[in-house]
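In the part that follows, the structures are each spelled out as structure tokens.
Next come two complexes, and both contain chain A; in the first it sits with chain B, in the second with chain C.
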Partner chain A sequence: MKDRVALVASGALLLYVIAMTALVPLGPGLIALEPVEATPLQRFEVVGLGTHFAGQTTQTRVFVGQPGAVWEWRVLEARDNSRLLVEAVWPEKLKSKSLDVFVYHPTDGTLLLENALHVDHLPVDAATAFPPLSQPIPSGDGLGLHFPFQPQIFESIRNLLWHVPMWFTMFLLAGIGFVASIRQLGSNRLLPADGQAEAASRVALFFGLLGLITGSIWARFTWGTWWVDDPQLNGALVTVLVYGGYSVLRASLEDAMLRARLASAYNLFAFVILVILLLILPRFSESLHPGKGGNPGFNAYDLDSTLRLVFYPAVVGWGLLGWVLYRLGLRMDLVTRWMESLDPPLDPGPSTTPNSPLP
Partner chain B sequence: MNGRRRHGVAVLLLHTFRTELRKAHGWMGLGLFALSSVYAAYRSVGPRAEAGTWNALVWLVLMFSAFNALARPLADDVREVRQYHMHLLRPQDWIVARTLYHGILLTALACCVWVAFAVFMGTTHFEGTRFFWMLLGMVVTAWSLAGAITLLSALAARAGAGFGLTAVLGIPLVVPILLLSARFGQAVISGLGAAEKWESLLFLGTFGGGAAAMGFVLFPYLWRE
Partner chain C sequence: MKLLSILFLQATPMEAVFFGSGKAWVVLAVGATILLGLVGWIWRAQIRLKELEQRMKSMDAEQTKP
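Our next item is the complex of A and B:
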């Protein structure tokens, strides 16, 4: 009964996640600030993605600078929805050679492109501070529900709702298996915990594979290759291999008690490897993976309410699905054992074969 | 108690060496495997390999040779001998002695592989102190492998399955070790400062040591009948 509730809840949550993944658009963002060929340092084009520059151009404003030293540029015209022609205004000296660009548009809200431009023609003084803008940079936008724009990641940000909860689910099930294995290892008898450890590790392996596949597809479209040499990825692959090894170990043992003991010992080993390789080591090494080593990741989205609106249900939904699969595995094993106890074994064995064809 | 325990480890270690050295085909087979792997590598890339190729090959050959050594059941792994040991020894003694045995065996093997590489493929990329840095790296890798795989090979032996199971259970653990070693080799080749090299060696040692510590804790459970 409880399992059925979990199944229905997980189904509803995952349907919601699928719908939101497919339906919620990506918010607008800036890609580049390109100088116009004939007039360097005077005219620039702001290049956006998913922006609405063509409308309400008169209310669009462009700001340039560094924190504490921001000034405004003049908007000339919108070439189309994603290209805005602006005229540069230069102060006498700069706070830094590297400039951020902000664009305010009534529909898109305020968009930021960090380190958009590098200028060499003006003196730099780190103490430079400009007076506050006469009209402050407005906030708020006229967009509906949308996913945040992230450089490089773009539309693939939706993978956060699939890939990351899948790994969380894997950790959850590996943890269940770990606890069950400790219980089995502390006993001299065959406990139900052994079956629980097996079922949990099986589902953990399944979710680990799903995590690898979704990660690989994401990498193909974001990094350009199916796989890169990266501590986080190596750790993930090794963890999945270790849990695969657990299945092989179980399959290679006939005696139930010996299997329970060896498999639980190996499972403890596997879980520690998982914790070391996926949760500890990547924190000490440089990684390209989002959320690691200064790359945009979940931390950067922490404050984005739209993503949270889907991410938390996704975590619960995938976790419940893992739990349901785990319970289903347990029941399947139970039914299999029950059927084996009902039927005579298929191979009656040598004692009941009177006429063997072999001499 | 402590004195008796050290004694048990020493006796078991000596006994393992004695029985294993008696079986000449065992360790000679390992050496032959290592030498022919090096020779095959030499024949396939030629005497003037690039530094990167050199680095990759030396660790791969070391890994496969080490695996060959670790996955081979010893004379003591016979069921009767194990039961006899169970009455005489503490399981911790057994796993410590076995880890030490593997560590020493793999150190010898690593030295063989390194010398064979130097002879066949030349040491153009490893002049002066780099030669000894690389040797040190191989020895640390050997101990790290011994620490990480001994429990798994004991587990496979206990399961009555041979090389195949050790490979399936052990290869995933070898991958991080191999990556760390290859990084160390790159650091040696490109002449980075000592800090980077020591950091790689420290990671290698921690990984092997951590896995060996887990083996120490878990092995008594495998040992019981």
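Our next item is the complex of A and C:
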């Protein structure tokens, strides 16, 4: 009964996650400041993604500069929702050659593009400061539910709802296997814990593979390649291989007691390696991966309220599905062993077909 | 209201392609079909397992009778 409740709950949560992943739009952001060819340094186009520049142009304001030295450019027209034509206004000197661009739009709110423009034609004085803006900048309030805009990541931020929960689920199941292996090692008899460790590690391996696949696809879209030589990525691969080795070890041993003891000892090391390679080592070395090697994690900047609305249900939903698969595997192993022990073997029943989930 | 605001905010070309052409709904439909198929498969497996577990228990009980 509990298994069915968990299955229905996981199905409902994951259905919600799929719907939100597909339907919630990406929030607006800036992706470039492009000079207009005929009038370099005088007219620019601010290029946005997911923006709504075509509406409320008169209330749209554009600022450039660095913190403490920001001034305003004139908005000429919105060419479409993602392109805003602006006229540059230059001060006598700059605080820095590198300028950020800020756009305020009544619907999109305040958008920032860091280091949007490099300027060489004006003198630089680090002590330059401009008076504060004469009019306060209200916050945008016209935008509905949306995922946060992040440079480089763009629409692929939706993958956060799939990739990260896979690893959480793997940790959950690897933890179950770890505890079961400890229980088995503490006994001289063959315990059900050995079967629990086997079933949990098998599903953990499955979710680890899904984590690798979703991560590799994400890397292709944000880093430009399927795989990079990164401690987090290599650690994840090694971890999955170690759990694959657990299955090979079990399959290679005939004696049940010997298999239980060796596999349990191996599983303890596998879990420790999982923690070291995925949680500890990447934090002490440079890594492209968010949350590792000095990179801020999504939690710091990107896991805003909309993402949390979907991310937490995704974690619970995938975790429940992992639990259901673990329980299913455990029960199937038990029944299969019992059926094989019968002489003659039990006919599983008329409704069993070649495609049946049962042997 | 939030759902309505989601649906009416699709404005840029990328959003227009994804949402305007109905591809978001296709993604949703495909994902939901796969998920429901998986849930249905597990549900059916659980029912079959329950039957076999009951047979296992009854046969074990018969064997242990004095």
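One rule holds in what follows: the second predicted complex is superposed on the first by the 327 of 359 C-alpha atoms of A that agree within 3 Å, B and C clash if a C-alpha of one lies under 4 Å from a C-alpha of the other, contacts with A are read in each partner's own complex, and residues count from 1 in each chain.
As a convention for this text, a contact is a pair of C-beta atoms (placed from the backbone, for glycine too) under 8 Å apart; a residue touches a chain by one contact, two chains touch by 3 or more.
From a predicted model like this one, the values you see are computed outputs, not experimental measurements.
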Most chain A residues touched (candidates chain B, chain C): C
Partner chain(s) touched by A:Val242 [first = chain B, second = chain C, both, neither]: first
Partner chain(s) touched by A:Leu76 [first = chain B, second = chain C, both, neither]: neither
Partner chain(s) touched by A:Leu330 [first = chain B, second = chain C, both, neither]: neither
Touching partner for A:Tyr266 - first (chain B), second (chain C), both, neither: first
Chain B and chain C contact sites that coincide on chain A, given as residue numbers: none
Touching residues (chain side chain B, partner chain A) in the complex: 151-152, 155, 158-159, 161, 165, 168-169, 171-173, 175-176, 179, 207, 210-211, 214, 218-219, 221-222, 224
Of chain C, residues touching chain A in the complex: 2, 4-15, 19, 24-25, 27-28, 31-32, 35-36, 39, 41-46, 48-49, 51-53, 55-56
Contacting residues of chain A [partner chain B, same complex]: 185, 188, 234-235, 237-239, 241-242, 244-245, 248-249, 252-253, 258, 261-262, 264-266, 268-269, 272-273, 276-277, 281
Chain A to chain C touching residues, read off their complex: 3-4, 7-8, 10-11, 14-15, 18-19, 21-26, 48-52, 54, 81-82, 143-146, 155, 324-325, 328, 331-332, 334-335, 338-339, 346, 348-349, 351-352, 356-358
